[in-house]
């Protein structure tokens, strides 16, 4: 490859997710492999504005592939949403000799990258890092697989105590706009019911389902609820509603929260991060810009950033059906 | 040993905890070892009243030593708190030929056992099973060690995301009356501050400590809070209070909840359960009654049930000091 | 669906893998959903011959989705390799009223199913269950994803001690004919070198690579070796060879062995198992036979058993490249 | 406390164990708490000789409490076994202004410390760090509790596959001279037999036990073997012996190896390390030398190094009995 790219900047932005460090490592080592410099940008776009930079060589990313979080830290930057902020950021990059940018984050981060690219014609490449799996153009975002495992392990523990006491648990998992985590962990943890933003089960049907579950001989029940479920009640309201209408149930609530974002990444997320980092850097060296690298049909593939931001990965209706059958 | 005990009943009662199954297994196999029958009593004292029994032989407890929860299930029984309820329970036991009882549970369960013993002179022996470690006469209750590991593993994950975003997290752990879990996991997870029922830190000092922590160069903070902390605010109120007074902090809350009760027991809890089960059965065969078996100075030891109920294991002041020094 | 299928038999055969129980559960519950009976066949084809059967209803598979191993047990049957053995097996099935068979296992198990089908025109459907991921017609076999996580978690631990002592470790992982586990866990664990059956690195290049790794400033090294690596030396011989030629290295060996087959399945394996179970049963009800259900491009798909047995999922050359770049 | 100690050196030596980092962190922060400097000594005694030092402040040990291995690395030093080596080491320390030494390691490391102290009257304090729990003067060495959990988790996985195939597994665990790991994990994992260096079961009795186990209806068996077991056969020879004499058994072997030394420390080990680090530093400031800090009857306590080295923590005969009863 011949290219006028001499130095690539890399940053993480938005909510952190397991696999971000593995992606940073991959970007850094792929740069080294192609004899290009790599500049770590701390605290996302805010650090880009402030020039919070550090040169990263292949040994500076030793022993991070298995670490959760992001060594580059992340932050939301209001300043970068302004024209002046982006101007400062561009000056910082130019001053540091950076020719292209790899942005690891979610759709908010990609929007920033796209605007920046459109204003300064600055080469940008996105790597999808978020546990929510809500980005178009990739079957898996970095951290999603790890979060699924974290959630089913926790629900397995809750199941222990639920079945020891014949209780009903509402377990709230992340996913404000997308039910991927809820649907997959609900199936994986053997939940009796799953409430997601994409589908309005309705309170009536929930009650019926819980009644049926009890009659079928199940001694305990787990209902997995996505943050943004359509029913329009949060888990505490759901608890009250069910206790009022099904007094035979002893109901408890568990909100899993931020633990879902942390933890050592799964093997899948580590390998995916390694693949996407290679592809992101080599695509830049190939003269490409304004794309997201993702996984489609098990192959690394490019999707225009614009599509990645606007598109939407729909819930697989086959999975909804599997879920229904499993609660027989 | 010669004894007129022919059949021992075993039950789990109160909140479940990891290691209860290992203790059931040990009671069952120790009975078999001494050629005594063992009767499993389901759903605690309620199942005792209702005669919800099952004979347990050594093979019926195969492959449960590593399982959380309790195969005998647990329940709270209001009926057993009445004279009539205990009368029915006694009749059930007599009818089933049971000569003595092993009760695995916390102090509420032990109180029931003691009253039952006083009314019917029925041999009872207690095994402390609760994650809270709040029972006098044992350095460790069954499930406590496992819960400590569960909690630090979760806080490790929260730390990943906290330090990626320079955030402050309030993490609420179990312990309504006792701060053992909070104090030990706070030290173990490297928390910046620990709030427990036994000690009133005061809101002022909490703010000062958080300020100092930030000034010392720490980029993120974890505060572990026991459910029953003395400050008299729950974690959500604490969040509001700190955000108002220390606006530089981005504060989040995580309530760990029931997951702390579940999970495969640690090796320590499995071994402890095995030891206590042997001692409980052999003490009964030795003619003893109305004791709790526990661990004192690493040795299995008996404590009168009455003392176990009324006593209180104080927080170790050395640990409080270690906690202070570690947050230097 | 209308179909003359009234009862489906299900068995597990060959080496067990995590997710087999989840697949059994799915087959059983999908049968119940379609009002069909389901017969559990113990110990694979041998139990089929001996009539070692048990009716399975939806409640008999409660709480197994998260368990490793197989509740139906597995075995290799020499008798089933004979015409007489298969005749007995067929008689057993007919006597029990079984109309179709779901076989969960690897290619040896599928070969048995295919022969049985060809002799008796008995409807069979395969579900790929093996950690080796060496079956054509599916991107993932059941248990493969779990095994990858098990292996990287163990290598993470070995890395702790390796880097504390500046040591070189040869870690042998499963995969007699296929290097999928070695290649993916090698990348995931950040191994300095990966030896697989599909590629002959050569001893010379291994030595050079290790030398280069040391010179680049790495203080410890992990080499992941598939059982059937091409170099033709086992890990102990490799250790001797390297210590002779690179005396500066303190070399250790770790053979991971059977632990790789066990453990609670990952969320991915649980969901995959649920999906494949549904598809297997519904394909039978649809009149199909002699297929394997698998995952292709993230969709459940059918592949003729014959192809599944004879085909071969090649190592992805992109991954080999990623592996090379990551060891920069 | 008033003391002429201005700077304390800390090193890790011998085999690494989980909790060493937590102990380093505790030593560093306790020094800071008392306004004393702390010097990290890399690669044990060898780094002491070579002056491989780094000043450690409270922030330099952030986020290591949960990491396996040792950030100070460990090494065995032949040079330190010589008079000249120790002379160089002493000169290095004096030159660096170090007034006292905390040595984290096993009995080999303590022997070095004691000799060094006797030659130069240099204040030394030992912290027991080894997974083997073979040091007198402490009920628990750092890393022992973590190793127990690591081992039972692995045997749980092996049990999955063992019971799916009705197999017998010999699992070799660490412990050349001491059977603590084998005995506790054997009980914890529900092993059918446990072979330890302290007790000669005899091959005859092993065969009888295995026969009885099979007859009692157990479908699979796990035998946990300490490296240094008395029977005088390694696990591979045991396999051959049993297969010859009990052909009904399908026998497999698993050698757990170095993974037992790694991994994130358990909560217990993290708290213990924190306590021992405080005590070690404060004992030095108190004018004490040539002691090991340990845990006795759940309290931190000092034992003369000489005794710690020569003494021996015997296997608890109560545990042997529990083990026998559990295999009923």
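Details
Note that the chains are named A, B, C and D in the order they appear, and that numbering of residues resets to 1 at the start of each chain.
Just so we're on the same page, contacts are C-beta pairs under 8 Å (C-beta built on N, C-alpha and C of every residue); 3 or more make two chains touch, one makes a residue touch a chain.
Listed by chain with UniProt protein names: A, B, C, D = ATP-dependent 6-phosphofructokinase.
Being a predicted model, the structure only gives us computed values, none of them experimental.
Taking the CA centroid of chain C as reference, the farthest chain centroid is that of B.
Centre-to-centre separation between chain A and chain D, using Cα means, comes to 39 Å.
Between chain B and chain D the centroid-to-centroid distance comes to 28 Å (mean Cα coordinates, whole Å).
Each chain gets a centre from the mean of its Cα atoms; for chain C and chain D, those two points are 35 Å apart. Shown for chain A are the residues that touch two or more other chains, namely 156, 159, 163. In terms of inter-chain touching, the protein chains here make up one closed cycle, each touching precisely two others. The complete set of chain-chain contacts reads A-B, A-C, B-D, C-D.
On the side of chain D, the complex with chain C involves touching residues 12, 15-16, 18, 20, 67-70, 73-75, 150, 154, 156-166, 169, 219, 252-255, 257-259, 261-263. For chain C in complex with chain A, the residues that touch the partner chain are 25-26, 29-30, 32-33, 58-59, 62-63, 65-66, 139, 145, 148-149, 151-153, 156, 159, 163, 184-185, 187-190, 216-218, 264, 266-268, 270-271, 274-275, 278, 297-300, 318-319, 321-322, 325-326, 328.
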